[in-house]
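We just call them A, B, C, D, E and F in the order they show up, numbering each chain from 1.
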Amino acid sequence: MEPRVTDPVRILVVEDESAIQQFVQDALTEGGFAAELTGSGEDALSRFRHDRSKYRALLTDIGIGAGPNGWVLARKIREIDPDFPVVYMTGGHAEEWKSQGVPNSILVEKPFAPAQLVTAISQLLNTGSPSA
Amino acid sequence: MEPRVTDPVRILVVEDESAIQQFVQDALTEGGFAAELTGSGEDALSRFRHDRSKYRALLTDIGIGAGPNGWVLARKIREIDPDFPVVYMTGGHAEEWKSQGVPNSILVEKPFAPAQLVTAISQLLNTGSPSA
Amino acid sequence: MEPRVTDPVRILVVEDESAIQQFVQDALTEGGFAAELTGSGEDALSRFRHDRSKYRALLTDIGIGAGPNGWVLARKIREIDPDFPVVYMTGGHAEEWKSQGVPNSILVEKPFAPAQLVTAISQLLNTGSPSA
Amino acid sequence: MEPRVTDPVRILVVEDESAIQQFVQDALTEGGFAAELTGSGEDALSRFRHDRSKYRALLTDIGIGAGPNGWVLARKIREIDPDFPVVYMTGGHAEEWKSQGVPNSILVEKPFAPAQLVTAISQLLNTGSPSA
Amino acid sequence: MEPRVTDPVRILVVEDESAIQQFVQDALTEGGFAAELTGSGEDALSRFRHDRSKYRALLTDIGIGAGPNGWVLARKIREIDPDFPVVYMTGGHAEEWKSQGVPNSILVEKPFAPAQLVTAISQLLNTGSPSA
Amino acid sequence: MEPRVTDPVRILVVEDESAIQQFVQDALTEGGFAAELTGSGEDALSRFRHDRSKYRALLTDIGIGAGPNGWVLARKIREIDPDFPVVYMTGGHAEEWKSQGVPNSILVEKPFAPAQLVTAISQLLNTGSPSA
């Protein structure tokens, strides 16, 4: 069945601070995305394994309590789906992206504006780009 | 005369399903663009030929009833204006982009969030990019 | 101290026409950015020198009254901070970007939609991109 | 069996002028590639269909006698293998690339230096890039 | 008349040290390019103005004796031909590229291998790229 | 002291098969680079730590005997120098690049032509790119 334009575009969000959870949810909703929130990398991975076709992108904080951090989580998800879009959010770990991030991902540094999240996810979901 | 910042940035939208027409119009309006809608590729081409300076980008569905489909329409428009920005929307034909799309275009797969359309058009309209 | 997600993401905006000032301010606010406006390149440079960590990007018109124009201003700011994000707005000087613009900048041509400003700034602030 | 580094990296070359055939063959050999030459698009397509794993990239002239021209040939090959690397060579048809070329391809304009061919093919064969 | 594949692809090289002149000439010849050498920016500009269709790219050192330096020279050439390919060579001024370079240019830092020059020029001359 | 153009551009090559070592060395020499070979990731890391300014890029196989494999080695080197250029070579592990590779790296799949190595290294060493 052809997908309908009104089906939700669901983003798996991994963030353990409730203030940021709210901020991210508002930003994604404003851009027309559906956010599914969890506070732990382990839980995120288990949701992804259970129904990977449900999600279109991962938006993850780096330091997320117990279990795998955001760097490790993204690597595990890419082992399952090598082209899965990944956006990292971080305050103090931006420089680590060059050693710990996966290729073809985007890092958004805190503090960020809501539009930065929405643009990052949109760029990764869209196919093609202005550079050719 | 220097253009004014309040002049409309008009996007030529080719889509034959009225539900999607409404969705796209709302998304573009939200981003500050003006949408001019038509349901047929033939009509789009005739509007473009009649006053090409009126439009800043093409946003086209792939399967659009009778007349040229979205792939053919974009090629015809690029024959007239080789740098005209092109965004395709599709549910089931995404893989064909690599054989049928024009260079320097973006494909947005259904279902999509409104922000994806707005980001795709903005990227193509803006000159330059972060990669250098 | 780790930055908080609710800290403002402040953009230094250089524009001398009050109608465009209002348009730009509304666009940035809508995207969640904070705009700090000035009408002269000289004043912009002096604010930047006084507290450069306060700003995250420069958004400048090309023709801005007395003092350095937008091309010169951007070069002076990049001499101080070589990676500072730069977005130019212009009506009639777009072609000069290729000789006068700095690398890794974006030019937005008037008339533009609010979403184009927000996307341009977001792209430059975000690290990484879909092209690899 | 793991491929060996000394296995040939074979490029399917479509060119009907013998002087250019020789020039291209020399250029590819110099870069360490193996060139398999044919003068017709029809023959190229039939070779590709017969054993597509034998080739790593297509290097095609635009005007190639009878049968499909270079633009059509590349589209047909991408219909079979959507990610197949494509490089076009042309003297007088460069502008048509924007309406007739496939995405993610490179066009090399005549006259060209041998290094341009070798760089174009290498860029398309290599995964990843400096921009992220 | 259609250009012939054996016509020279001439690069305008601006370099005032004779040891580097020789090194660059050997590198370009090896890649199949023709180098036209001059030691001064003023002379380069006057040659370019006299017959701009003769050259396909500019390869310039930054510090080049009297007259305009490499940054200024490239800007002047882009004022005449906004899309002219530009490659800079430098030992100690690489960081200035972000404030003084023109968009869509490449900087090669000394010491460099001959292949770096040839790849830089080839990338700029070829149309399109792997990122879309 | 300003670097001289004839100083070697030394590439740290990690490869444990002697046939490939020879192939790589010949390819780099042909492009004007100097190759320093080692067969183990541990040894590579220790050489890099001992004198990191000696090397300009890492070219590493993925499966390299005992000690860290190529993926782990690149991450450790990027922890020390976040912008260090990285090129991977592999026969059977190309798909893992998307989960295990570092951002802004290039993967060259075996079998490859010598020109592919030289182009990959050159692209990463050069600053800037044609896309802006």
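Criterion: a residue touches a chain if its C-beta (ideal position, glycine included) is under 8 Å from a C-beta of that chain, and two chains touch if they have at least 3 such contacts.
By chain, UniProt protein names: A, B, C, D, E, F = Response regulator.
In this text the structure is predicted, and so the values were computed from the model without any measurement.
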item: Interface residue identity across copies subunit B (Response regulator), subunit D (Response regulator) - same or different by half; value: same
item: From the options A-C, B-D or D-E, the pair that copies A-F, where over half of the contact pairs coincide; value: B-D
item: Between subunit A (Response regulator) and subunit B (Response regulator), centroid-to-centroid distance (C-alpha), Å; value: 27
item: Subunit A (Response regulator)-subunit E (Response regulator) separation of Cα centroids, rounded to whole Å; value: 42
item: Per-residue overlap in subunit E (Response regulator), given as positions that touch at least 2 other chains; value: 97, 101, 103-105, 118-119, 123, 126, 128-132
item: Subunit A (Response regulator) - residues contacting subunit B (Response regulator), complex; value: 2-9, 31-33, 118-119, 121-123, 125-132
item: Touch list for subunit C (Response regulator) against partner subunit E (Response regulator), complex; value: 75-76, 78-79, 82-83, 95-105, 131-132
item: Residues of subunit E (Response regulator) touching subunit F (Response regulator) in the complex; value: 19-20, 23, 27, 91-92, 94, 97, 101, 103-116, 118-120, 123-124, 126, 129, 131
